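Following this line, the structures themselves.
First chain A sits with chain B, and in the next complex the same chain sits with chain C.
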Partner chain A sequence: MAVTPEFFEQLERFGVAKTFECFNCGTCAAICPLVYEHFPRKLIRYAQLGALDRILENPKELWRCLHCGLCTQTCPREANPGELILGLRRFVVDRWRRSQHV
Partner chain B sequence: MFNPRDIIELIAHNVKKSRNPFGVPRMILNRWWWRTPLEKKGDSILFTGLMYQSLPIIAKTTDQLAAFEDSPRARYIRLARYMPGALAGLGAALLTGRKERRQSDQILKNIATLLQKSGVRFAYRPDLDHYSGILLYDLGDQETFVEHARYVAGQLKHAGIRRLITVDPHTTYALRELYPKVTGHRFEVRAYFELLNATGGNGQRKVALHDPCFYGRYLELSDIPNRLLNGFNIECVPVKNSANFTHCCGGPAESISPKLSHAVVMRRFKELQATGAPIVAMCPICLGNLKKVGADVEDLSMILARCA
Partner chain C sequence: MREVQIDSAQQAQAEEKRVGVYICHCGGNISDHVDVEALCARAGQAPGVAVARTHMFMCSDPGQEMIIKDLQEGKVNRVVVASCAPSLHESTFRGTLQRAGFNPYLYEHANIREQVSWVHHGRPATEKATALVAAAAAKAARLEPLEPIRMDVIRHATVIGAGVAGLQAALDLASRGIPVALIEKSPFLGGHVAKLDNIAPSNEKASELLTRLTRQVLDQPAITVHTCTRVVGFAGCVGNFTLRIKVDGEQGQDEGKKLHSMPTKTPRRGVFLPQYGVVTGSCPENPAEDSIETGAVILATGFKPYQPMFGEYGYGRHPQVVTLPEAIQALAGENGSHPVWHWHGRPIRNLAIIHCVGSRQIPGVHEAAEGAALNEYCSRTCCSASLGFANQVRENYPVTRVFEFYRDIRTYGRGQEELYQRASKNRVLFFRFEAQEPPRIESNGTGSESPLQITVKDTLTFGEEVQVAADLVVLAVGMKPNGIDDLVEMMKLPVGSDGFLLEVHPKLRPVELPNSGLLLAGTCQAPMDIGEATNAASAAAVKASGLLARGFVELDPFVAEVNLEQCTGTGACVVACPRDGALQLAEVAVNGKPFKKAQVSPAFCLGCGACVAVCPTNAINIKGWTLKQYEAMVDAIVADLAA
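Let's turn to the complex of A and B:
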């Protein structure tokens, strides 16, 4: 798995200010109405590691999020997991659009 | 699940062409105000954001999407953006029933009447009443959302508008929280029920009030409708997961995955159903999604209009 340690800097451009606040406790995954494969905890971990391949190999997963805000409401670190997922969506949309112009 | 890219590009295309997510011409979509006596001048306006008007179209289009989700035909959704806007609008008009359109329009008429009865001075300017762009924001298309928000806010500023009275949680959140950040323009944004002061009547019943995520959690406004209903002698029975901890209706997923949306709304429906009371919604998305699964649900404005 290739990692891009400075990925958090790219995410800042998409409104994500707290990539590293999350300590992966899993409260977000427990409260999420999707109850789906450690969502959103797993994707947040990938973002922290800069595991772009893992995020981009199945980007559709990001759009499962309902943006309901329960994870953000309950996060003990105030890491704003919902906003991180939204930032990842913005990142992917931007990447799709830029790839169209190559 | 559809390819989000196809859905996002379709919605972005429609918003750029017609300023609403369905590509429907405004004169077809926004007709509730016809033959309704409303003030046309003023710096305080009713701003519907076209969400309730879109409810019959949302119901029809998500039914269509559900029919071929995860099928080989799903990939043809990307071709929809090549359909001319006027044709799409005509199609939408033919697909939606008159009864459904009348019900949605009635909600907006009720809200206007409730505001008038509460002595709130406001005008309605159909030329300024635009979709907020919130779906673009939710789907992560920040670029198109910002472009659209700047257009809408610019029109409002140019017209000298100071206060916006909103009718749904998505538009309220967009205008109150997001527009100042992305457009630099700030308006006084009030949800319509924040301005109502009517009490009395004889409700004498119990209801299960479903808090939408944006009112319950993001804007923390759910105590106000609760208080309003109590003022009419209507008891809001306790609902599992309310206010800050309200449960999503699944609506935000309906454009990408009707199946996922259905699974989520069924869970919420069971929580509301367990109260044994009729359900009251205050968001067009929640209302439509709960209706789809057969819930006994009506909009907050309908019950308030009967009591006021």
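Let's turn to the complex of A and C:
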């Protein structure tokens, strides 16, 4: 998987600002009521790396999120994981709209 | 010629020796395994023993008071305490005698805890304790008062190495009014700090810091700066050392050559030259030797950066792989006129920093350079230095992306966690690798934007393999001790398995060497940052000035002593003596007639006893450990008091 940091600058347009402050502790994944495969920590890491393919491989995952806000509330780095999930949703929807689907 | 009168009668006037034996329970540590009361009863039977008592804790105030009372009431005049190891409480009980108004050397210690109750149980424990106590009592009955050896000290200190630690140590000593010789092999002051730019975490300029420090040193009349100088000879002992120094001139020193390559041939004294240090003047043309009489020596010989092996993370194989000191130097040389940092003509858009290069090496995983040991220690400063460098790049050249690859990351100390916070805010991207699977650096092939590609199994991405393109790879190299084999050999300095100089005790005596009068300052002892090196330097200066301010030193009296009546001047002892200057044959006039007799220089004598073993007439003995005392101890053990 190649790192493409430029991707993160695209995400900024969708309201994601603080993801680089994440130090990958996993508190968000532990507190998340979904208890599912390191969610949302894994997506945060993919966003840091600009691993676009990994995010688009299974975009449905983003809609599992209940947006309860527990991750954002407990994040020790105030990296706002909840906002990243919302931002990624906006990004995916925008991409879908730009494709031939609409 | 020395005149001595020998009067055999004077040895006869001996007072009656009354030994007191005091046995400690150590709160059960001893008495759980040794029958202390039976031991006490047996000890009371031993020849020469006037009093035998026990106590739950002999080192406690009531325990010591009991001993003092017996001494002052005249019941005893020699003391044996049977307790823990002498390293713990021998000096405690010598002090007890002193407080009772007795000579502290009329004391003998029997170790019945570490050597008995902690390793033996039941009857054998009590029997061994009995033998040890009997031997100690027998020796005690033959103890004579001794006086510590008192020697005047030269009120002068020498500091070897003029990096920040050496400069600070010299300054602190001088400010206490002690004359200092500051010896530096290069023509410059400042050591490795001169090669730095912004110092983490305060972002202070290295040049400003050094200029401030060296200005004070150069303005201090009590400090004599010897640049281009090496120590080539060392003799003497605490308080009275003689150092031979050699001023090498320019041709003899690599560093000296640098002065020639300077833009100005004769830079002004006190001026800071980036990468080199503060100029003190030019080196003399011709080599010269001199000597310095000094009371204490502070070693501030510093470190050298780890030099990666060929191919280690692509070093040497790819020109775009450099060490952190090289990168700092390159970045400091940028004039900032270009919005992108250029290195050898190409823009640096992607910068990678790899941590722990040459540090925290693991046997079986890492490979040491030929003939060298693995560096298993953490170099402590590289995390902060790397993050400081990353921040500097991100803040001055925002188009350059920075990637850091670490095994573990820790910026200890005040204001240093903030470096990591700032790096996160600056969007530095971190990767974490396991020591067994380090990042691989390969050529990116022609046509690609960046010349190098780094592949790493990233534990932060759940072990996935990720690739990062890089224009420059910076290796955060650790610290190695400076090559001072000559000084180690000359001064008999203890060296740790990591190659750094070894202090007496890491917690309680952290800046002292076991060689009395020699002290440690800075990174010759271990990797340290500037603040820690300065801290150690100030501590060493305090230790040195404490030693020198008193004006004299007291040494243990356990040194060789010659019985001139018995000495026949064979010289066998002089041959056997391992310490230069401790023992020689001298002309002595005995009762008016000249004889050759052995003569001890107590300050030099190590008290090893090599001379005692070879003397055919038993004319030489170690004070406090005479052959007669040993014989008495053996007799007591053989007599078997337990039987």
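FYI, the second predicted complex is superposed on the first by the 98 of 102 C-alpha atoms of A that agree within 3 Å, B and C clash if a C-alpha of one lies under 4 Å from a C-alpha of the other, contacts with A are read in each partner's own complex, and residues count from 1 in each chain.
Keep in mind that, in the parts below, contacts are C-beta pairs under 8 Å (C-beta built on N, C-alpha and C of every residue); 3 or more make two chains touch, one makes a residue touch a chain.
As the structure is a prediction and not an experimental result, all values here were calculated from the model.
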item: Superposed partners chain B and chain C on chain A - clash or fit; value: fit
item: Arrangement angle, chain B at one end, chain C at the other, chain A at the vertex (C-alpha, nearest 10°); value: 130
item: Touched partner set for A:2, first chain B, second chain C, both or neither; value: second
item: Which of chain B and chain C A:73 touches, first, second, both or neither; value: first
item: Touched partner set for A:49, first chain B, second chain C, both or neither; value: second
item: Which of chain B and chain C A:64 touches, first, second, both or neither; value: first
item: Greater chain A contact set [chain C / chain B]; value: B
item: First, second, both or neither for A:38, with chain B first and chain C second; value: second
item: Partner chain in contact with A:23 - chain B first, chain C second, else both or neither; value: second
item: Closest approach of chain C to chain B (Cα atoms, Å); value: 24
item: Those residues of chain A which chain B touches in one complex and chain C touches in the other; value: none
item: Residue ranges of chain C touching chain A (in the complex, touch as defined); value: 401, 403, 424-425, 427-430, 460-462, 464-469
item: Sites on chain B touched by chain A in the complex; value: 1, 3-5, 8, 138-143, 213, 217-218, 244-245, 247-248, 250, 252-253, 256-257, 260, 264, 267
item: Residues on chain A engaged by chain B in the complex (per definition of touch); value: 14-15, 33-34, 59-60, 62-64, 66-70, 73, 86, 88-90, 92-94, 96-97
item: Of all residues in chain A, those that touch chain C in their complex; value: 1-3, 5, 8, 20-24, 38, 42, 45-46, 48-49, 51, 77
